[in-house]
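Just so it is clear, A, B and C label the chains in written order, and each chain counts residues from 1 on its own.
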């Protein structure tokens, strides 16, 4: 059971318009429970970093917006007094201080005695696995080491909330994967209310208790990773997380009428619908006797499976996952089978 | 509230500093056109003092221009090809040469002037002509021209252009004329502005090198501060400002266009 | 013609000019400095002879005071101007950097207008206190003069450095609870240190070697450039003047070389 420390964060109707007129955030409302890790996910420009900075206290929401920590209104409280721990994308480590001095800086500001400070720094050095680096200068550290120092520094002051702004983006792919796992373990151990900003959906799925998908300054959907993945509420979320086939077709007699056949649906929908089907939910079969069939246009070997592009089944080509044992080549005809419950209907946003 | 106080205090401080710098300059400019400095503007505006300055110092003003333009000419002829050679050569030798030509900026003008006097003081014809002053100005302003041109070369990757022209069969001289110099124009212009401005205002070297017959504007200024009444000295200073400010503005505008801002 | 030949031709005029009119004369200066009645010992005179040493100390103290005062003033004004935008800011910046090209003589005149016998400050103090304050023709006047031409230079350098500061460092310090003074002390000023060293060195070297300002204010101010001048023109102690010049040149060059190794680009003194 994950410990829960920190505060509850309530963002109420917060919008943000910058001085040059850019509208970075439409009025959003969000509740974050104590000890929860919430990931703000979205493409660049969606407002996720702005939201993080509002919660941090580096920006002020437009009039009418409020930020509450544990039901106390902190909207007017500047960041120096919000007691948040913040990890910046560039880490923002102080070049004029050693690693130990960086980690202890927040404690020094709070007037913690030297011995106590040293003890706490040692504790964090052990927690983040950077023993031996205490007296190094910042420019002598590698990217991964800097990330860990930044984390240690933010956590040292026992913050009410931990705010991370794309902390893994500055690292190369292999390092990122490794550190992601470590970060996950650390966040679970600490159990502090955490708000994590990223554009990488794999990171979001791995780290978040809940994911808040954002787009153009508004929340597109908030939910657990499974909810977001299996039950996206709109096309944007469906396409942003994982691969998705979006099929627009007429539903007649409980099934989608497609160029390549029919696809039965679970719910009694009728008329024009927008359906989403994940590639891994489509099973490939022999073409004869299948309710839905198409022609293989491309075969991609991904490693643990094959990704087929099948044309002719629906109006647009479908991405279909097939096991490596299924022998297929370009030009072959294949049958497709989809379990009715794996077809998700999305709201029609064309109107 | 505290932020407002800090802002106002800083603003007041900065205004005070600006006043320290500007007030005497403004005073001198008005004094140059005021009938009587002690009675202030009330005594009336006049161009008499400026006219007097022209009578007394027209030849020094003209000479300053001649020297400035000559300095420009010489630094162009010496400096631009040298900048090219240094840029292409690169390496330690180029850096050492750059260091050497920049030395005159570190050494006080007084010392350089003394050195020149000791070495060439006996060639009386040379010593007594304005060419002697020209020499000092060239040595002092050369590094600015060279650095300015090299900076432009580096910023626009002239080396690649040069190689492109060479691959098309152009000889070194043709390349220099058709490719190098035209592409160096912003640097040459920026350097030219610097050279002329510096030459017009140069005093430390010139004071030691001048003779009563080869005075320049700053030398004249020193004379007038010492021996003329305040209004005449101010009028002369005003003439100097009028000459130098357009050049300064041109340099600022130029620097804003992406030329390197030269730290004087 | 080959590239090598062409490049050598390009460098030839420069080489001739610099050797003939700089290297040779400087060598001669060094030689003359050692050719006087005291021989090479003349070079030590600057440290040994109490009169010269006094002048040296004066000059160093004055240059140091100028540098310190200029850095403080320029940092306060520079930080303020770079960090705030308000109507009239561009004008204020232009006003503060406008005296950049004034030669030392003109600066001397500015000081006379401010604090000389007929100066503004004298008039004001006469009105207020009945006592006319005249500072221009002494060390205080020279100090003001050096401030006058150092401030514009240093402000520009500081403003450029402030512009390059990484805002996320200050935000990180604030996130850790640091108030404005702590942020200034622990993050901003340390980050500006290279700029301080570079511009401080220029200010120091320029003040050490400045002649025009001192000359305009009074010929009896006891600083090294004036001493060199009087030794040469009034006392005809050529060897002394030469030796002192070389010494002054070396000190100025050394300081600038030090600044360059910290700042990484070429810096120059002028004035």
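Here is the rule we use: a residue touches a chain if its C-beta (ideal position, glycine included) is under 8 Å from a C-beta of that chain, and two chains touch if they have at least 3 such contacts.
This is a predicted model, so every value here is computed, not measured.
Asker: Using the contact definition from the top, classify how the chains connect: line, ring, star, complete or other.
Answerer: line
Asker: Using mean Cα positions, find the chain sitting nearest the overall protein centre.
Answerer: If we average C-alpha coordinates per chain, C lands closest to the whole-structure average.
Asker: Please name the chain that ends up farthest from chain A once chain centres are defined by their CA atoms averaged.
Answerer: Max centre-to-centre separation from chain A belongs to B.
Asker: In whole angstrom, what separates the CA-based centres of chain B and chain C?
Answerer: 17
Asker: Between chain A and chain C, tell me the centre distance in angstrom, where each centre is the average of that chain's C-alpha atoms.
Answerer: Distance between chain centres, rounded to whole Å: 56 Å.
Asker: With chain centres taken as the means of their Cα atoms, state the distance from chain A to chain B in Å.
Answerer: Whole-Å distance between the two chain centres: 59.
Asker: Please set out, as single numbers or ranges, the residues of chain A touching at least two other chains.
Answerer: none
Asker: Which chain B residues qualify as touching chain C in the complex?
Answerer: 6-7, 10-11, 13-15, 17-18, 20-25, 27-28, 31, 37-38, 74, 77-79, 81-82, 84-86, 88-89, 97-98, 100-112, 114-116, 118-120, 135, 138-139, 142-143, 146-147, 171-173, 176, 197-198, 201-204, 207-208, 218, 221-222, 225-226, 230, 233, 237, 240, 244-245, 247-248, 261, 263-264
Asker: Can you name the residues of chain A that touch chain C in the complex?
Answerer: Listed in rising order, the residues of chain A that touch chain C are 56, 58, 78-81, 83-86, 88-90, 92-97, 105-106, 109-110, 153-154, 157.
Asker: Applying the document's contact rule, which stretches of chain C touch chain A when the two form their complex?
Answerer: Within the complex, chain C touches chain A at residues 166, 168-169, 171-179, 182, 186-187, 190-191, 193.
Asker: In their shared complex, at which residues does chain C touch chain B?
Answerer: Residues in contact with chain B: 1-3, 6-11, 13-14, 17-18, 21-26, 28-29, 32, 73, 76-77, 79-81, 84, 92, 95-96, 98-106, 108-114, 118, 120, 147-148, 151-153, 156-157, 180, 202, 205, 208-212, 215-216, 225, 228-229, 232, 238, 241-242, 245-246, 248-249, 252-253, 256-257, 266-271.
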